[in-house]
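The first chain written gets the first letter, and so on, giving A, B and C; residue counts start at 1 in each chain.
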Amino acid sequence: MAQQRTHVDDVDRSLYDVANAEDPTARFEAGLTPEIVTEISRRKNEPEWMLDFRLKSLDLFSRMPAPDWGPSLAGLDLDDIVAYVKPATDQQSDWNSLPDDVKNTFDRLGIPEAERAYLAGVGAQYDSELVYHSMQDAAAKMGIVYSGIEEALGDPQWEPIIREKFMTLIPPHDHKFAALHGAVWSGGSFVYVPAETRLDYPLQSYFRLNAKGAGQFEHTLIIVEDGADLHFIEGCSAPKYNVANLHAGAVELFVGKGAHLRYSTIENWSKNMYNLNTKRALVDADGDVEWISGSFGSHVGYLYPMSILKGDRAACSFTGITFAGAGQNLDTGCKVVLAAPDTSAAVETKSISKDGGVSTFRSSVVATERAERAKASVSCQSLMLDDKSRSDTIPAMDIRCNTVSIGHEATIGRIADDTVFYLMSRGISEEEAKAMIVNGFAEPVSKELPLEYAVEMNNLIKLEMEGAIG
Amino acid sequence: MTCEPKLIVTDLSASAEDAPILRHVDLTVNAGEAHVLMGPNGAGKSTLGHVVMGDPAYEVTSGNIVFDGKDITGLSPDKRSRAGLFLGFQAPVEIPGVPVSSYLRAICEGRAGTGDMKGKQFRRHVQKLAETLDMNPAFLDRELGVGFSGGEKKKLEMLQLLLLQPSLAILDETDSGLDVDALGVVSRGIEAYRRQPGATLVIITHNTRILEHVDIDAAHVLSRGSIVAHGDAALIDDIDAHGYEQFAALPVAC
Amino acid sequence: MDTAVLHSVNAMPAPTWHRLAMNHATIDVPDDLALEHRADVRCDPALFGEAGAFDAALRGLQVHTFGTPEAACSLDDAKALVERETSPAGQDGFNPLDATALSAFQTRAAAVEVTRSVAGAFETGMGPEALDFLREASGAAVVLATAPGDAPAQASVRTFALEGALNACAIDVAVADGTELDLALTHESGKVSRGMIGSSLRAYVGRGATLRLSVTQAAGEGTTVLDDSGIVLDEGARLVVRHSVLGGDEAYGGLACDLRGTGSQASVTTRYIGQNSQKRDFNFVMRHRGEHTASSLNVAGVLAGSSEKTLRGTIDFVRGCKGAEGSEVENVLMTSDDAVNRSVPVILCGEDDVAGNHGATIGSMNPEQLFYLESRGLSSQAAEAMALRATVENAYFDAPDSFARAAVVAFGRVHFPDFEESVA
């Protein structure tokens, strides 16, 4: 038998790499001008304040510097990025009404099947617009709203609420790509869960960027009222092109008193993607936000979901895994602000680097003067699978209250020889032992990923470790 | 020997993070006596010591603790210490940056005798006690617990016992993990403590070796959070010969 | 002096969000400060070395590390090379999206290694701006050099604040192969309303040699202290550092260690206190370049009043440092609601065969410690007061020479009336 190498495979991408043809007429000019922004707003028939907001954001964007501390953005020429690509369909609530190529794409990704099996509602975005949106009647009867955010903006019942909340957690002046988002955002979901309402099945949004050289800038706004409970799942993918694509979405989550929100993301963009996504949650007293985050794709990633714990006893947790392979520089982590008494945060992350990939864990934990008796624990572990890769850990803590208890631990290393020896001494082969260790390393995080994604997860990290050691 | 009760624990129940650990424990220790508290691993022996000392990690859910005739159940640990109670820790903590000498001075401050001593006098006093425990005087300049061996940590607990001269000392597995030499030193420390007038002792252990040098007035067996047997020193030999299983059949006190 | 502001001091190698204001410190230097370079130096006169001893030692290390006295290229050329590999304007037929888009610091870090230059990679914890400033202000450096075969040597250097002046001292050290040097630096000040103390240490520790560096900073009010050092370790060299940072309105401490030699080891223990509105700002960088190198950083302190502290601690496993181990432990006890603590414990890693770990606890005393102290009769306030005082007493016990002991006693006396007696 030919000698096989023990290796950890790249994420298998064949599933995602099927690109569809584009309808060229729906594509805007590349680059960013007030004219393009005005045209996006006009086509969407938006209220006047939104156009103003977009133009102000564009102005900010042009004046703000790009981040100088993270992965290089030199390969991202914003003048080449197409801000808006309209798919050749209007929004549907029946998969069969979609054009065949769009429907086939989502079929391949298993979205309709998942919807039938376990989801309470699904939104699917294709390039710049939502093409599908549907929710079970039962959920609608509970008063839960799950719709396209643009649709909600056109509804007099929701327009004032969106206006009040829109980009308040992520103001355009926050950073350059927040400003960009404010200028050209398009598509995305709006979710409203009334007080004391509990949805037993998750809602899911899936974002597919098909157009070459385009940007996707969807905005997700979720309001979970006092005592309510929601699990929201977000998935994203794109076929690979040889030019840069950009994703600069924004997610704003409002978690009410005693409410609970679990926000799970499987990010699997193609390796030409610059993923500069911004996500934030504001948590009221006794509320709880749980972030589950798997980052596997993208050429460059900047992703740090932020939890602002403003109410007493509010809590957050962040559980993340990042897998950086060849050509990837994934700068991921989280931000926590403990801004009230007895708030608490738990962060646990794992990262794996291989084949020259770079993974950086970056975080900030800020405890304000008000954070009496607050607690935070941060634990990050990094695994290096070879000596060509890189793994950096940059956690920052700013503590302004003396009754807090903040703990931080980080470890970095490779698969430990003594662990392999121990397992081998019990009769396990070396390759099995290593596979067991890598699986065990990822397991505490991967088990938190939505169960429904188990199959996708297996496609994502295929840990093939068979045969002799090469 | 006087027969006044030093410590009366009545119907004491305690839990940690909502898990009950002690259930309705009754225990009386008279002044001047030496008691031993035995029991299998996980029985709650250390917890009882910690609860009597007022460890906030445990919540008292029933009963009370009376020390020298005063209910101390709601008292903070430092006030219990100042009242004359001492707990020798099974696992003494490490406090980096705090030299042993600074620490010892701080705990003696305001106490009769040691608290009034001038710097040099205090140091000499501590060094003399250290000698009786075979401790290298250089330990005084080291950071509390940092880099101490298990034996050194236990010796430092004994030193504090002799320095603070409590009227009741609860020694929580002070003998565990010690080699023969260190065990001898700890025994000598216990004997020295016992020579103080009124010294009352509760030894928590599951190893009878340490008891060879101490006259034991009473023995108690704790199992699953409850006292399942009271007896005199003969109980120790019984346990040595037959183990704890004989008590498992006994009805749990409630 | 025309320099009024040092813009980037104690900059951490891998920056993070600017909004956190942790990436570096900025120091204002009043431009009317007089320049002084007065220091008391005590050692065997034979220990005084020739100017240039440090640079000569690095040249020796350069030759036996890379086999040539010359760097392979300049840093700029090296950066260009690294960038070319990842640049969008790369070679024909090469898609830049297939290359890893390194950050600016990752590019620079890779480039430093490409230069193959010991001297070019030399750095101090406070960084080039502060190094130039302190060297310029110091005049001629005190040069201490052991010779092969020397018995273990000791040297004491004391600097002090002078009214309205910057009193700076530069020290170059070369510890010859197989020798040992104990170097004690003491920074102190009597009553000054305004003064700065600066010290700039560059040290080379030879093969199998040991440098024990003890820095006792017991400056008084009105004083700003800049304590900067950069140390290069050859094969099997050992560095043991002990910092006691007690006083000064503002205290900046930088230490960078190049663990270049195979099997070299560095351990740094830092104890500090902050009171009133004092400011402490530390930047420690451990660059593991040699195989089987080991480093440990252990930093603990007490923050009272409205004092502020920033610690940037970086363990950098440079590609090629197979078998290296690095650890960092930090404990911060905050005894006041107005105190501010900032910590950035960074691990950078370009090598798989390493073990790095970091642990930190920040805030109030942990419950087990507090219960232990309470069970011995200390209230929580008394426990916190003890922790502060103990740090000063500890500095006394760890003081390596009479300069340091006297400085700590003078400092302790100001804060605790019975200090002398308690440590006597």
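Definition applied: a contact is a pair of C-beta atoms (placed from the backbone, for glycine too) under 8 Å apart; a residue touches a chain by one contact, two chains touch by 3 or more.
Because the structure is predicted, anything quoted here is derived from the model rather than measured.
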Just to be sure I understand: going only through chains that touch, what's the smallest number of steps from chain A to chain B?
2
Higher number of C-beta pairs in contact (A-C or B-C) found for A-C
Rounded Å distance, chain A centre to chain B centre (Cα mean):
54
Here the gap between chain A and chain C, centre to centre from mean Cα coordinates and rounded to Å, is 39
Once you find the CA centre of chain B and the CA centre of chain C, what distance in Å lies between them?
44
Touching residues on chain B, where the partner in the complex is chain C:
50, 53-57, 76-78, 80-82, 86-87, 89, 92-93, 95-99, 101-103, 105-107, 109, 111, 118-120, 123, 141, 143, 160, 164
Seen from chain C, its contact residues with chain A in the complex are 14-18, 20, 22-23, 86-88, 95-107, 303, 317, 319, 322, 332, 334-337, 339-364, 366
Using the touch definition up top, name the residues of chain C that touch chain B in the complex.
271, 298, 300-302, 331, 367-369, 371-379, 382-383, 385-387, 389-391, 393-394, 397-398, 418, 420-424
Considering only the defined contacts, which chain A positions touch chain C in the complex?
68-75, 77, 242-244, 271-272, 299-300, 326-329, 331, 356-358, 360, 362, 364, 366, 369, 382, 384-387, 389-414
